[in-house]
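Below you'll find a set of structures to go through.
Paired with subunit B in one complex and with subunit C in the other, subunit A is shared by the two complexes that follow.
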Partner chain A sequence: MELLIQTIINGLLIGGIYITISAGFTLCFGVLHVIDFAVGEWVMLGAFITFIISTSTHIDPFLLLPLIFVMFFIAGYLLQPTLQRVITKNKSNALLMALAFTFGISVLFKGAALTIWGFNERNLVTILSGKSISLLGINIPSLRLGTFVFAIIITIVFLWFLQKTRFGLAVRAAAERQDVAGLMGIDSNMINKVVYAIYTGLTACSGALIGAIFSINTEMGVRYTIFAFFVVVAGGLGSIEGAIVAGILLGLLNSFISVYIGGQYVFLVLFLFLYLILLAKPKGLLGKGW
Partner chain B sequence: MRKRINFLWITAFLLCLALAVLSAGCGNKEAATTGDSKEQGDVFKVGVLTSLSGAEVYGGNITKRGYDTWADTVNQKGGIKVGDKQYKVQMFYADDQSDPASGADAVERMITKDKVDFILGPYTSGVTLAAAPICEKYKVPMITGSAESPMIWQQKFKYTFGTIPAVNLTASYPVNTLVSDIPGGAKTMAILAVNDAFSKAVAESFKATAEKLGVKVVKYDIVPAGTDFTPLLGAIKGLNPDVVAVGGHEKEHMEVIKSAKSLGFLPKAFLMHYGVTNPDFVKNLGKDAEAVYGASTWTSDLDIADALFESSKKFVETYKTKWGDEPDYTATGCTVAGEVFGAALEKLGAKPPLSESDREAMVTVLEDIKVDTLYGATSFAKEGDNYHNNTGLEGLTIQIQGGAVKIVGPKDKKLAEPIYPAPAWDKR
Partner chain C sequence: MAKGLSVKGLKVAYGNIEAVHGVSFEVNEGEIVTLIGANGAGKSTILRAVSGMIPVKEGTVILNGTEITSWPSHQITGLGMAHVPEGRGIFTRLTVLENLLVGAFKRKDKKEIDGDLDYVLGLFPRLNERKKQLAGTLSGGEQQMLAVGRALMTGADILLLDEPSMGLAPVLVESIFNICIDIAEAGKTILLVEQNAAMALAIADRGYVLETGSIAIHGDAEYLSKHPDVLNAYLGGAS
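On to the complex of A and B.
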C-alpha cells in the first residue's frame, strides 16, 4: 500500500516536471504554429544561466526564477522577429521552415554552450535539494514538490491570462485566424513576439528546476525536447489543458511501469501509448489540439 | 527595404556565428595542437577518436586529456625514438558524437583522409565496437584507453587493443570486499543499469559475482538512457537491500544519489563502477558522495615507476598542472595507451609513415609487448575471451572518503579501511 501511494506521488511529481517543460511549448505552437526544436536547448540555457548566477551570487535558484524569466523573456522577444521572417506569408511550407530554423538554433545553442562552458557536469543546489517530507512512511521529495507547485501556478496564471485579460483575448483571436485578427486591429506581430518571449522565459525557468532535480550539461537538451514533444502531442498540439492532463497521465504511467513492470519498458510503453493516442484521438487526449 | 537589409545582416551574423562555433566545437581535424607541423614523414600521425559532443562529452574529453598528456610529454622530450632518430607525434582528432555509427564514419575518414599511422580509441565501448571493424578493414592498429565492455574482446578484433581490463575482470573486486571482507557484510543487493554496452556489462558482472557469493539479488533492471530513477528507487527502497549497485556513467550516478537522498533512502552501501572516480562526481555531490563504493584499476595514491613520466606521482602532477583536476583511471589508461604505442614503435623500429606491413608487424609487437608503465605491468592477452585486453592488472575496490578516492580492497592492497554501513545523509 505504501509503495502504491509512493508510486502515485512520484508519478504526479514527474507529471509536474513534464508540465513545466511543455506549457510554454504548447502555447508557442498554438499561437505561432511553430514547433520549436530548440525547446530542450532553452531548458539547458536556463539551467546554465541559473547555475552561473546562483553560484556567483549565492542566491537560491528559486529566488532567481523571476530574474531568469525576465532575462529569457527579453532574449525570446529579440529573437522572435528573425523566426517570424522565416515563417510568414510568401514562404511556402512555413511549418517546415520553422522546424529547420529552430533545429539550427538548437545546434547553435548547443555548440556555443559547449564552447563557452565546457563539458563538465554541474549540479544546481537549492534550499530544497535532498530534502523530503515524510508522511506515514511515504516520502515526498521537496524539490519535485516545489516544481509541481510551480507547474500548477504557471498553468493557472496562463489560463487566467488567456481567458480573462484583453491581451489574452487577442492572443486567442490571433491563434484562431491571424489574418482576421489583424483586420480587427490586433497587432499580430506584437502578439507573436510576446508569446514567444513568454515561452522562452517559462522554458528557461523550467530548466532551472530541472537542473536542480537532475544534472546540468550542454547535451541535456535532447532529452527534454523529446519529453516536450511527447506531452504536447499526447495532450493535443496547442492545448494547455491537454498538456496538463497528458503530463500527469504520462508521469503516472512512467512511475507505474518503472515500479510494477520494469524500468526497461518505460519508454517502450510510453511510445506505444502515444501511438495509440494518435491513432484513436489524433487531436490529443482532450480533443482540443490541432 | 530597411527591414529586409537588417534581416540579411542578422542572418549573415548568425551564420558566421554558427560556422565559428561549429569549427571550434566539432572541428574534425583542425585541432592538431601538438607537435610542430612538419612535412609528411617527419612525424607519427596519431588519430584520436572519441566523444567530443553528444551524451558522453564529459568522458570523451577525459580520454582526450589523457591522450594529450601523453602526446605533449612525448613531444617535449623530443619524440618517439626509432633507431637513432626521434620522431614527434601529431594528433588528429575525430568526434564520434557519442554515437557508434558516427564513430565508424569518423574513424574511416581519419584513416583515409588524414592517413593516420595508428589510432587512440574511443571513450565508450559502443563506439569502440563500431570503430574496430573499420580498423580491421584498413589494417590500422587501435588502442583504446577507456572502453571496458568484455564484448569488445570476445569479438577477437586483430587490430584493436585495450589498456583497461574489461569490467568482468574488475567488477568482482568491490562486490568481494562488500560481501566477504567486511564483517557482517552485504546479504542483499539491488542492481540498476543503463542500457549501453559498458553499463550493462557492469550490471551483469555485479550480478554474477553477487550470486556466486550467495548474495540475494532482489531487483535487476536495465533501463534506457534518460530514465527517471526516482520511481525505481522508490520501489527498491521498499525491498530494503543492503547494497544498491548501479551501472552507468557519472551523470547517472549523480542522479541516482540525488534521487535516493530526496526519497530519504540510504542503503548500507552504494556501489558504482566507473564514474565515481571522476573529479566531477565528488565536486558536484559534495558530502552526498561520501562512502560510495566503486571499482578501479588505478588511483592517484599509487606510486609506480614509469619510463616517460619517471613515476605515477610525477604524472599526476603534470596532469594536474595541465588540466586542473586529478586524473582518474580512464585518463591514465589513455596516457598509458599512448605510452604502449611509443614502446611498440621503438621496438618495431619503423619510421613514419607506417606502411601496411609495418602496421601488421606492430600488431605482433603489441601482442608480445610487456611494458612497465605508471599503470603497472601492461601486456595484452593473446587468446581467450579477453583477447587483446590488458589482463596484467588487478582490480581495486575504491571508496569515496573525505572527498577523495581511497583504495579499500582487496585486503592486501588497501590503503584505508572500508566504511560500512554508510553514515546517514545528515550525519556527514
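On to the complex of A and C.
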C-alpha cells in the first residue's frame, strides 16, 4: 500500500515537468504547425547551460530559471525566421520540411554538445537536493516536490498569458486561422517568432528541472523527444488541456512501469498505451485534438 | 483626401495563371457597391488582393488616399477597412466575445473599444446572448453576424463582405442583407461581393458585373437590374 502511494506521488510529481515540456511543444504545433524533432535537445541544452552557469556562479538552479528562459527565448526568436523560410519555401510539404529541418537541428545540437562536453554525466545540485519530507509514512523528496511546484508555476503563468492577455488572445486566434488573424491586424510572422521563442524558453526551463532530478548527459535528449511525442499525441494534437492530462498520465505510467514492471520496459509499455489510446480516442484523451 | 476605396488596373495571379485581368472600380464614402458574377469569376480573389491576403501582380489599391497595394493585411487593419472573408473565418475555438475582441486587437483606446462593443452587441442581440459561448457552437447565420461584428470592431468605415449569404437559409439571407442596410445607414461604406445578384442589387447603390476576371458591365444598381445581360445571366431571365 505504501509502495503504491509512493509510486503515485512520484508519478504525479514527475508529470508536472512533462506538462511544462508538452505545453510549449503543443503550442508550437498548434500555431506554427511544426513538430519540433529537436524538443529533447532543447531540454538537454537547457540542462547543460543551467549546469554551467550554476557551477561557475554558485547560484541555485531554481533561481536561474528566469535567466534560462530569457536566454532560450532569444535563441528561439532568432532561429524561428530560418525555420519559417524553410517551411514557406515549399508550401506543399511544409510539415515534412519542418520535420527534416528540426531533425537536422537536433543532430547539430547533440553533436555540438557531445563535442564540447563529452559523454560524462553531470549532476545539477540545488538547495533541495538530498532532502525529503515525510508525510504519514510517505517519503516525498523535496527536490521532486520543488521541481513540481516550479513546473506548475511555469505552466500556470504560461496558461494565464495565453488565456488572459491581449497577446495570448492573438496567439490563439492565429493558431486557428493565420490569414484571418492577419485581417484583424495580427502580424503572424511576429506571433510565430514569439510562440517559438516561448516554446524554446519553456523547454529549456524544463530541462533545468529535469537536470536537477536526474543526471545530465548529452544523450538525454532523445528520451524527452519521445516523451513529448507521447504527450502531444495522447493528449490530442494541438490541445493544451489534453497535453496537461497526458503529461500527468505519462508521469504516472513512468513511475508505475519502473516500479512494477522494470525500468527497461518503459518505452515498450508506454507505446502500447499510446496505441490503445489512439484506438479508443483518436483525437486524444479529451477528444479536443485534430 | 478622398475617402473610400479606389482600385485601378488590378491584376492578380495564382502562380502563372492570371485570375484577374486589370480590374478597376471605386467605392465612395457612404455607398453600398456590389461586385456580382458567377462562381470563379474572380470576385473573392479581388477582395483578397485588396486586403493584402494575396499579392497584387499589377495595379494600385488606394484606401482613403493612401496607396496600400500589396501591403500585408495586418498593416492595412486600422486604416479604416475591414474584410469579412468568404466562409466567415470565425475563430471557432474562441468565445464570441473573444472573437470580437480580436477584431479590436490593434486599437488602444479602451473607451472606444467598449463603445463599439456595445454597438455591435446591440446590433446583434443574438451575439450578446451567446457571448460566453465558443464561436464554433453558433449557427451559420450567427457566425456570419459574428464575422461582421468582428470586422466592425476593427473600427473600420469600409467593410468588404465576401458572400455573406453563402450557405444560409433564405430567411437568414434576408436578415443578413437587412443588417447590411442597417450598417450602411449607420454611416459605413460597403463593398459587397455576392452570387445572389438579385439581393445584392436590391440593396446596392452601384454595381460591377465581373466575368472571368474582367468587369463586363457597371452602373447604378437600378440600371444593372434591368440590363438584359444581367437579367439573363444572373437574375434568372426576364420574367
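Annotations
By our rule, the second predicted complex is superposed on the first by the 278 of 290 C-alpha atoms of A that agree within 3 Å, B and C clash if a C-alpha of one lies under 4 Å from a C-alpha of the other, contacts with A are read in each partner's own complex, and residues count from 1 in each chain.
Quick note on the criterion: a contact is a pair of C-beta atoms (placed from the backbone, for glycine too) under 8 Å apart; a residue touches a chain by one contact, two chains touch by 3 or more.
If you're wondering where the values come from, they're calculated on a predicted model, not measured in any experiment.
In the superposition on chain A, contact is made by A:Ala170 with subunit C only, not with subunit B.
By the touch criterion stated above, A:Leu114 is placed in contact with subunit B alone, subunit C being left untouched.
Using the contact criterion defined above for the overlaid structures, shared-chain residue A:Asn254 touches subunit B, although it does not reach subunit C.
Once chain A of one complex is fitted onto chain A of the other, the partner contacts of A:Gly287 are absent, as it touches neither subunit B nor subunit C. Using the contact criterion defined above for the overlaid structures, shared-chain residue A:Arg85 touches subunit B, although it does not reach subunit C.
When the two complexes are superposed, the chain touching more residues of subunit A, out of subunit B and subunit C, is B. In the superposition on chain A, A:Val180 makes contact with subunit C only, while subunit B stays out of contact range.
In the superposed pair of complexes, A:Gly263 makes contact with subunit B only, with no contact to subunit C.
On subunit A, the surface touched by subunit B in one complex and the surface touched by subunit C in the other have no residue in common. In the complex of the two chains, the subunit B residues touching subunit A come out as 7, 10-11, 14, 17-18, 21-22, 24-26, 53-55, 57-58, 60-61, 98, 192, 195, 221-224, 226-228, 230-232, 234-235, 237-238, 250-251, 254-255, 258-259, 261-265, 280, 284-285, 288, 425.
Those residues of subunit C that touch subunit A in the complex are listed here as 51-53, 72-74, 77-78, 82-83, 85, 89-94, 98, 101-103, 105-106, 150, 154.
Only residues 2-3, 6-7, 10-11, 13-14, 82, 85, 104, 107-108, 110-112, 114-115, 118-123, 129-132, 134, 139, 141-144, 213-215, 217-219, 223, 226, 254-256, 258-259, 262-264, 266-267 of subunit A touch subunit B when the two sit together in their complex. The touching residues of subunit A, counted against subunit C in their complex, run 166, 169-170, 172-173, 175-177, 179-188.
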